[in-house]
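Common to both upcoming complexes is chain A, partnered first by chain B, then by chain C.
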Partner chain A sequence: MDNRSNWHRIAYAALIVIVVLTGMLVSNAYHLQLLTFIGINTLLALGLNMLMGYAGQISLGHAAFYGIGAYTTAILTVHYAISPWLALPAAILIAMAIAYIVGVPTLKLSGYYLGMGTLGFGMIVHILFREWSGVTGGASGFIGIPPLELGPVSFSSGRNYFYLVWAIVLLSLIICRRIIDSRLGRGLRSIHDGEKAARAVGVNTGKLKLQVFVLSAAFSALAGFLYAHLVYFISPGTFDFITSIRIVTMVVIGGMASIWGALLGASLLTLLPEWLHSFSEFEMVVYGLILMSVMIFLPQGLTRGLMDIYERSKRQPDR
Partner chain B sequence: MQEVLQYIFSGITSGAIYAVIAVGFSMLYNSTELINFAHGEFVMLGALSFVTLSGPFQLPLLPAFILSVAGVAVIGMLFERLAIRTVRTPNPIVLIIITVGASIFLKGVGMLIWGKDAHTMPPFSGHPPLDIAGAKLLAQSLWIVAILFITVAGLHLFYKKTLTGKAMEACAISQKAAWLTGIPSKFMVLLAFGLSTGMGAVAGVIISPITMSSYDMGTMLGLKGFCAAMLGGLGSLWGSVIGGLLLGILEALGVGLVSSGLKDATAFLLLLFILYVRPSGIIGSVEVERF
Partner chain C sequence: MSDRRDSRTGSRPLLELEAVSKSFGGVHAVRGVSFQLTPESITGLIGPNGAGKTTLFNLITGLFPANSGRMIYEGETTHKVCIHELVRRGISRTFQNVELFESMSVLENILVGQHSRTRCGMWGSIFRFPWVLREEQQARRNALALLEFVGLEDYAAQKSSDLPFGWQRLLELARALAARPKLLLLDEPAAGLNIVETTQLGELIKKIREQGVTILLVEHDMSLTMTVSDKIIVLDQGVKIAEGPPREVQRDEAVVKAYLGTTG
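On to the complex of A and B.
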C-alpha cells in the first residue's frame, strides 16, 4: 500500500467518526438540517469537481442537473405515486441522458465558450421549470413531495436523513477516488494538462469528456433527489444561475482536483451565509469580498493554498 | 401588421440597450480576452447613480449623465487595478470566479446605498409618442437608439483615428508585441476596463426611464448583453450592435406572437444555437476555440 491510499483510508475513517459523533451530539433540528445540506452540497461539488478539477472543463449550468434530479422525483412520486426508490434511478438516468444529449455538441467548445454554452443550457432549464407550470408547478413551486421510507425506517426525522445523506456522501467519495485512480481518471488528468497532447498519445478525449460530464450530472441529480425529499418543497429559484455559480465556487474555493476539497468547499460555502447573517446588510458585500480575495491570494483553492503555506512555514527554519 | 410593428419598435428599444451592454463586453474581450460577469452590475450602478444625481441632487440631465458614466468608469478601473491585475494565475476559471465575486460585492454595495426599493425616472424629454402606421414609438426609444449609434460611432472613430485607440487595438492583437513597441499595455487594459464599464453605465442611464431600477437589475441585463455579444461575434463593435438589435427584436416578437414565457428563454436559445452552429457569431473572425 502506498502512502497516499493509506492517507485516504485514514481520512475516510475520520469522516465516519466525525459523522457518527456529530449525529449523536447535535440535537438541534436546524443544525442537523444544515449539516445535511453540507452533505448534499458536497455531492454537487464532488460531481462538478470531477469535470472541472480533473478534466479541466468548466460548467456554469450544473444547477440544471440538480433541478432535473429534484423535479423528476417530485413529478414521479407526486403525480404518478411511484415509490421514491424507483424514482431515484429514473432521476439519475434522465439527468444522464440529458447530459449526454447536451454534452455532445457543448463539449466541443472550450474555455469561455464552454462556460457560456453550459450557462445557456442552465438558464433554459431554469426557465422551463418556471414556465412549464402544468408539470412543474411553475414559479410558485412544487409541494407535497413525500418523505423517504425504507421498511420500518423513516427518514423524515432530521437525524436519520443526516445519516442517509452522509452515508451516500462517503460512498460517493470512495467511488470518485476509485475512478480517479483508474484508467479513466488518468485519461481525464491528461486532458486537463493538455488536450492535444492527450489526443496524440491515444486518449479519446471527446468520449472521456462526455463520460465525465454525464457522471457529474448523475451526482448532481442524486443531490437533487436528496434535496427534494429533505425539504418536501422545490421551486425554480433553487436551481437558478446563482446556484450554478455557487457550485462552481465550492469547487474552486475548496480546491480543484481534490475530493476533500469538494467537501471543504461545500462545508464553507454552506456555513458562510450562516456566519454572515450577523453582518445582516453587509452580507453580500462580505461574501463577494471573500470570493475575490480567495481567488486573488489562493487561486489553487483553500486545500492546496493552505497546504502550500504550511509547507513553506515548515521549510522556513532551514534557511 | 400594426401589432407586429409595435413589437418591432419595442424590440428595437430593448435591443439597443442590449447592444450597448454587448459593446461593453466586446470591448473588454477584445483587449483582455476576459469576460466580466460583473458587467451587469456596472449597468445597475450607472442607472441608480443617474437616478440619484438627476433626482435628489437635481442636476440637469447631461451633467448627471456624464458624471454617472465617468464615476462608474472610475469604479471599473479601480476594479481592474485591485482585483484583476493582482491575480497571479489569470486562467479563465479564476477570472470568472473573481468577476462573479465582484458582481455579488457590487450588488451588495448597491443594496446598501439605494436600498431594496425600485427607483423610477421620468423620460429624457416630454415629447408625446410618435404615431407610425398605427404603432406608437416612444420618444425615449428614439433617445436610446440615437445614443447607441452616437456612442458606437464615437468608439469606432476612437479605435480607428486616435493614437490611443490604435494602441488599444494593437494590445488586442498581441499584448507582448504591443509592449515591445513601447505601448504601455497595462495602462491600455486599465483604459479598456474604464471604457467597458463606462459603456455599461451608459446602458444603465438610458434604460432608467423605461424600467424600474433596483440593485438586482444587473444580472439578467448582463447575461442578455452577453448573449447579444456572442450572437454578433464577441470582440466586434458593430457585430455587438447587430446582435443586440436582433436579440431585442426576436425577443419582442417571441413574446408578442408566441408566449410571454419565452421572453428570457429567447436569448439563451439563440446563444446555444449560435454556439453550436457558428461560434464566431454573425460578424467575427472564424478562428475560435473550438475543435
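On to the complex of A and C.
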C-alpha cells in the first residue's frame, strides 16, 4: 500500500518537473497549444476512466458534458458578461445536474443498452448545440469568448494557459487517486468486479454509479470550460459523436482503471494525428493500424502493457 | 404451522418466515414456506437439487421480493427493503460459486465488506479529513483481525484471485463477517473443499456462532450439516417437508423418500 502511494508521489513529482521544463523550453505557440490540448483531453479521459475503468459503466455520450461546459461558459461570459471564474462553477454544476437527471433512468440500463442510452443523449445535446442558434450560435459556432485573467496574470499567452491547464490536470489526478484509494473507490471497483457480490456486501451500487457518472460529467465540463477559453471559438462539431468515441478510445488505449492511462491515452491520441500528417491521404489508415496494434499487443492498454514489459526486463537477468 | 420453539425459548426469533412463496413464470420455486430462526442458532437448510434453497436465500437477502407471505427480521418486515439496507441491518451472505472481487487484494476484499459499517463519501475521500483517516485505519485493523480469524493474515497483500480455491471460500466468509452480521447465510460453503478443510470450516462456523451470529446454512455435505446444525429444515420442490433436530430429520420418512425417491 505505502509502496504504491510512494510510486504515485514520484510520478506526480516527475509530471511537475516535465511540465515546468516543457513550459520553459518550448516556445513555439503551436506546440504549446498542442500540449495544452493534451492536458484538456487528459481531463476528459480521466473523468470517463473513473466511470468506465473503475465502475465498469460505458458512456458513448461524454462529448455532451464537454460541450455543456464549453457552451455554458460561452453563453454566460458573452451574453451576460459574467466573469469566467463565476461561469466555471456554473458550467460544472449545470453539467452535474444534467448528468444526475440523465443518470437516474440511464444507469438502470447496463452493457449495450447503457451505451445506446448515453449515445442517444449525446446526439440530442449535439443537435441542441446546432439548432438552438439564438443561444448557441448554431452551426456557425460561437465567437468572442474572452480569455481568462486572474488579477494581473493574463492567461491569453499560450505559456500561462499551458501551466494553468496542467496545474488543473495534476490536481485532478490527485483527486481521482484519492477517491480510488478510499472506501468509495473500493465500492466502485467492487461494482466493476461483480455487481451481484457488491450489492451483497452492502454497496449501494445504484447510488455509487450515479455519483461517479456525475463526477465524470464534472471533469468533462471542466475540460469544456478550459477548451472554450483557450480557443475563444466553439462550434457544435467539436462536441459530436466522434468526440465521444475518441474519449472512449483514449481510455481504452491508455489503460482502463489507471489514472496514468488517461494521461498516456490522451497524449497518444492528441499527438498521433500530428505525427501522421506526412502520410497525407494514408493518415487515417496508419492511425487505425497503430491503434489496432496497441490493442493486439497490449490489450490491457499502454499503462499496464508498458509496466509488464518493464517488469519482464527486470526479471530477465536472473534467468 | 408447526412452529416449534427451540430449546432456547423465550427469545424472539431473529428471522421469521410466514408462508413465503416465489414463482418464476410458471415454476413455483418456493411454496408457502414458514420457519423461524432462533438467535444464535445454526440451522441447516437441505433438500435435493432444485428444492428452492438458493431461491430462499435470495428472498431472505432481498435479491428479489417474494410473491406472497411475510418475512420478519428483528420484528420488522423486510419487504421491498434494499439489499444494502438489509446488510446494514445485519443480514450477510456468501455465494455458492465464490464471488470475490478479483482485481482487489485479499485485504481490500475485506475492506469492501465493511462498506456498510463505514461512511467516508466523495468529499471525505478527496479531503482526507482526520476522521476519514481514523476510520480507514480502524477498517484496516478490523480487516486484519478477520483475516487472522480465518487464518489468512499472511496473504493480506495478495491478489484474491491468486488464492487456492479453499482459501477463497475462507476469504469470502471473512468478507461476509466484515459487515458484522447478526444473520449469516452460507450457500454451500464446503463445496469444493477436501475433508480436512471441511472439518476446519465446521469449527469456524461454530466459532462464529459463539460470537453471537445466527447462521443459516445450505450444504450438501451431510456430515458437516448434521454435526454443526441445531436444527435442520428440509425443502423438496419448494415445499418444507420436515423441520427438527438433525437426528429426527434423518429418520423422517418424507425426507428419506425425497432423497432416495420412490422408484428406487
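Simple rule for what comes next: the second predicted complex is superposed on the first by the 309 of 319 C-alpha atoms of A that agree within 3 Å, B and C clash if a C-alpha of one lies under 4 Å from a C-alpha of the other, contacts with A are read in each partner's own complex, and residues count from 1 in each chain.
Everything below uses one rule, namely that a contact is a pair of C-beta atoms (placed from the backbone, for glycine too) under 8 Å apart; a residue touches a chain by one contact, two chains touch by 3 or more.
All figures in this text were calculated on a predicted structure; none of them were measured in a lab.
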Per the contact definition in the header, classify A:Met116: touching chain B only (first), chain C only (second), both, or neither. first
Can A:Val135 be said to touch chain B (first), chain C (second), both, or neither? neither
Give one of first, second, both or neither to describe whether A:Val201 is in contact with chain B, with chain C, with both, or with none. second
Touch count on chain A, higher of chain B and chain C: B
Please work out whether A:Met295 is in contact with chain B alone, chain C alone, both, or neither, and reply first, second, both or neither. first
Where does A:Pro105 make contact in the superposed view: on chain B (first), on chain C (second), on both, or on neither? first
Intersected contact list for chain A, partners chain B and chain C none
Once bound in the complex, which stretches of chain B touch chain A? 35, 83, 86-89, 92-94, 96-98, 100-109, 111-112, 219, 223, 226-227, 230, 259, 261, 264-265, 267-269, 271-272, 275-276, 279, 288-291
Name, in rising order, each residue of chain C that touches chain A in their complex. 61, 63, 82-84, 87-88, 92-93, 95, 99-104, 108, 111-113, 115-116, 118-122, 124-126, 128, 132, 135-136, 139, 157, 175-176, 178-179
Chain B contact footprint on chain A (complex, rising order): 52, 58, 60, 105-106, 108-113, 115-117, 119-121, 123-124, 127-128, 130-131, 241, 245, 248-249, 252, 256, 281-292, 295-296, 299-300
For the complex, which residues does chain A have touching chain C? 1, 175, 178-179, 181-187, 189-190, 192-194, 196-205, 211, 215, 257
